[in-house]
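For clarity, chains are labelled A, B and C in written order, and residue numbers in each chain start from 1.
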Amino acid sequence: MKVKAESKKSLKKRIIRYIPLYVMALPGLIYLFINNYMPLPGLVLAFKKYNAKKGIFGSNNVGFKNFKYLFATKDAFIITRNTILYNLVFIIVNTVLAVFVAILLAEMTSKLKKVYQIIILLPFMISMVIVSYLVFGFLSNDNGYLNNTVMAALGKDPVQWYMEKKYWPFILTFVNAWKVIGYNCIIYLSTILGIDRGIYESASIDGAGKWMQIRKITIPLLRPTVIMMTLLAIGRIFYSDFGLFYQVPQNQGALFAVTNTIDTYVYRGLLELGDMSMSSAAGLYQSLVGFIFILTANLIVRKFEPESALF
Amino acid sequence: MKKLLATMLCAVMVVASFAGCGKAADNNTQAPANTEAGTSVEASADVSGDALTPAQQAIADRKAKAAETGKYEKVVVSFFDWTGAPAGIERVNSKLSAYTEETLGVDVELLIIDVAAYTEDLKLMLSSGEQVDLFSTCGPGYMTCVNNGYTADLEENGLLATYGAKLNDVVRADYFDACRVGGVLYGVPPIKDYAIQTAAVCIGTEYLEGAGVDLAKFSKDDLGYYKCTWDDVDEMFAAMHAAFPDKTVYSTQDNMLTQGSCVDNIGGDYYGTLLDPANSLEVSNVYESDMFKEWCDRFYRWNQAGYISGDALTDTNGASARIKSGAFMAMMACGKPAYENQISGECGRPMTVFDVGEPFMSSSAVSSFPWCLNQNSEDPIAAMQVLEALYTDPVVANLACWGEEGVEYVVNDDTTINWAPGVDSNNSEYYPNVLWLMPNQYAAHVWEGDPVDVGEQTAKFNDNCPVKSKALGFTWDNSDYAAEFTALQNAYKEFSGKVIYGFVDPETGLKELNDALYAAGLKEYMAAKQEALNAWAGK
Amino acid sequence: MKSEKRFQIFAHVVLIILSFLALMPMMLMLMSSITDDSTLIAEGYSFFPSKFSLYAYEYIFKTGNSVLRAYGVSIILTTVGTVCALTITTLLAYAISKKEMPGRGILTFLVVFSMLFNGGLVPTYMVYTKFLGLNNTFFGLLIPGLLLNGFNVMLMKSYFVSSIPEEILDAAYIDGATETKTFLSVVIPLSKPILATVALFAGIGYWNDWMNGYIYITKRTELYSVQNLLNRMMQNIQYLSQSSSNVQNANVGLSAIPLASVRMAMATVGILPIIVIYPFVQKHFVKGITLGGVKG
């Protein structure tokens, strides 16, 4: 009884102490409520046959019918496989490369590092549509830079890039990395810059070389950020960058086996059907799976490294 | 647990707020029905008195209300253009309103949205209760709008007969019927060319001359285009290829069925079609037909001969834009009156049009994008009267189609029009350039260079079309077969490109395509279509 | 120190390669944008085109809406948006970084949950138009979707947890500093790297956004931002060229627009200011944070 009373008291005390923090959190929470939570009941649309006359809530219930098209055909396996595999590869490749580049930048003494930083961020600034034209500029069958210049110089036959699906997992991974590394790298860079330089200095005095410092100090301190980024990426594992998988391969049929993801599949069907309930169903399905994945992953992290868990 | 509770609490609050909104929307939909009933009762009482028709009465009522409140009721009319809201839209709207305040007792606002945003914006506005009274279904599609419940029944309580009677003078009854879905009329078709002259092969005149093609041996068809066969086309292409070896002969687009054949894509897609639409209502798979095989063989032959670009599958440029660039020489489209002018403008050079196909009017030609009335409109009567004016009143039609006289355009002596001094398509403040989706382009002026009677010519072209689909007016709701449709779309996209542009032998390519389509559920889809068609024909 | 030198050389080599990979396509983009349109279609994209033309830029700057005004909208939007977003994000992130704060778990969960689920476009649109009436206003560009991003909140929270030693905060508390004072005078100055990062991300988000303008601005074209304006042009072209077989008359619209070069010109017009302005902004921004910290 006594213990409970005390903890209650301390809870009250803690609440009082943190009142300013609740106030600080308020604008953000109000915004989340308006922007993210108020529209949420709209998800019932996934179980309705939408009719404007009846409104979202008045429309007829149809159960899980709107989900059927996501599972009905043999395509379901391919699009799910593609979506998950690409995401896994992207998580690994992007993390490794971004951490690597971030460490290089952080340890660099030259003033040029600011220039490098801006340059590698540039690809992130252009839209996927433009990226798709640039890729096309390089890979076009008749006029592409690779076929016309590079392959010719190497004395090789031109490759019909947009017909050969075996190259595309690599092309897409490369394009994705090219586009997002600068962005991800900045995240890790800011974490490294937040590390107390004193730690490095004392390590240096103890005779630890550069590689040693990176291995023993930087990488362990980056771990929580890496884990968090990975967890958040896992939450989006059923989503795919529509532009990357639709625009960049030029919506090319011959490549579908390796480029069709849940998003592109749904888009091709719904573009003409224009059915809001079905797109709502697809979104709900993607979110739910992501939610389950992220909860599971978070549980595992919490078990081994509670500090790094999301919540 | 706590987390769950918190989330649920949020959700409940939000549901409450939403329920309120839904109700408000319901009220809105009921209100107009009441006013309508009210006015028609009033109107019938008036007939014996000062003999105002119900339509005139409605106008008088609105004017009286405006005199009282100092503000006219507004009708919002939405459609798309190629570049977004024109710079002069407010000026044109105020001109338009100044006129309609007099004639109809309403303000009219044209809400013009760019083509790429239109579908999304319109969907959002229609489902959230934003004011849009009349809208063109070109973009979202007629059936999508009907299926989502966006559209009002135009004949409910005699709306069309009472307040849009003049529409019957400009739109024939069978064209109205072509827009009925399940017997209900949800839209009025724009007045345009419904028939097409299929397979119009357009070739740059300079290339024909350069290749030494003798045009004298061809006779001309009714529209004034050279009549020829595919063998003739092959011959010409061969000569052009020899004369201009570094230019690509043929600029491809996936249009051999839409513009090059008389196959009827009943229900709006090619998964199950009428191969002989003038005589039979049997649904069959066009991709297994001899006609389609012929197309693919032709393209395979052309591709082997080097007439087709190696980038045909990935090039997203329009067919005519490529010809304009000077790297391509020929393309296929469909003909209609005054088409040679149009295509020459698009291709940036004089083009010669060859008529290889035959005239055809498909079942969905009339109903592909009618004008509809929002079911949520606060005053359907006013909206209907504005719609009538758009179809029949030259002042309204001219403002909507061409903008303001003297500012955007000037009228020539022969009633055709041209740019006002110093104005062109790039700096004009109002130039939507979408005549073909406007309610009635022929109620407005004709552009210089086109025949003054292009309206009559087009009507005759429609009337004289010998091959009219038996299924004219059949519309189909495929939302119950969405799973099959999505799979079919993906399968088609996956396997069609290389065979229709002749990159693979049609023997293997067509088999691959058909296998994929059947695996995606083509049989079930076609059966459902046939059933709906039979039911429709039975009525 | 030999290893140090070797490391520096290695780092330069890697980054030069990466910079080259990043810049080469950009150069291709720039060159294509000043290539004659017909040449581009006929010969493809090239670093050394046979015929130059500035027509694409002429088209962008002359047609319809003013690009210069759109720049103005973009700059104001990005400035106001970045400041607001950074403030709200930092405040919320700091709150949920406090381990002892009761209810922290729930709040964090609410943030993560908001990243995973969304109610869909139509319900969101209804909230912003019917309840808040933001359509066709500047706020319609500023508020929906961009003001606070769960990802940035988590990023910042993670930084606060890992890089600001608890001992310093506890010491400040014991010294009698309130939570607010600690936040302003201790936490903010120590958080420069993450503040700069999140500001950059928020800034990029606002600068690049076109969706809000697309959905919420249907009438007031003077509120088009650069990206919105460019994307409209681009999407219209895209729509036209892809559906030219469906919409019989799409070609009529297409013929008026220089197709290939104009897309590249648009992309260049969209990012050029950032390349030019970014270094200056960053410099002053970091200074600003330092000053703010000292004042607090």
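The working rule: contacts are C-beta pairs under 8 Å (C-beta built on N, C-alpha and C of every residue); 3 or more make two chains touch, one makes a residue touch a chain.
Here the structure is a predicted model, which means the values were calculated and not measured.
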Chain contact graph, described as a line, ring, star, complete graph or other shape: complete
Chain pair whose interface holds the most contacting C-beta pairs: A-C
Between subunit A and subunit B, centroid-to-centroid distance (C-alpha), Å: 39
Centre-to-centre distance between subunit C and subunit B (centres being mean Cα positions), rounded to whole Å: 37
Approximate Å spacing (C-alpha centroids) for the pair subunit A, subunit C: 16
Two or more partner chains touched - positions in subunit C: 105, 109-110, 113, 122-123, 126, 131, 238, 260
Sequence positions of subunit B contacting 2 or more other chains: 17-18, 21, 123, 127, 316
Shared-contact residues (touching 2 or more other chains) in subunit A: 37-42, 56, 136, 140, 142-143, 276
Residues of subunit A that touch subunit B when the two form their complex: 33, 37-42, 49-58, 68-69, 72-75, 136, 140-143, 160, 162-163, 250-254, 256, 260, 265-266, 268-276, 278
Of subunit B, residues touching subunit C in the complex: 2-3, 6-7, 17-18, 21, 82-87, 111, 113-117, 120-121, 123-125, 127-130, 138, 196, 253-255, 258-259, 316-322, 324-327, 333-334, 342-343, 345-348, 425-427, 433-434, 436
Residue ranges of subunit A in contact with subunit C within the complex: 11, 14-15, 17-18, 20-22, 24-25, 27-29, 31-32, 34-43, 45, 56, 101, 104-105, 107-110, 112-116, 118-120, 122-127, 129-131, 133-134, 136-138, 140, 142-145, 148, 178, 181-183, 186-187, 189-191, 193-196, 209-211, 221, 224-225, 228, 232, 235-236, 276, 279-280, 283-284, 287, 290-291, 294, 307, 310-311
List of subunit B residues in touch with subunit A within their complex: 10-11, 14-15, 17-19, 21-22, 25-26, 29, 119, 123, 126-127, 140-141, 144, 147-150, 268-269, 309-311, 313-314, 316, 375-376, 478-479, 482-487, 489-490, 493-498, 503, 519-521
Subunit A partner contacts - residues on subunit C that touch it in the complex: 3-4, 7-8, 10-12, 14-15, 18-19, 21-23, 25-26, 28-29, 32, 43-47, 87-89, 91-92, 94-96, 98, 100-103, 105, 107-120, 122-124, 126-127, 131-132, 143-145, 147-148, 150-151, 153-155, 158-159, 161-165, 178-180, 183, 190-194, 196-197, 200-201, 204, 208, 231, 234, 238, 260, 263-264, 267, 270-271, 274-275, 278-279
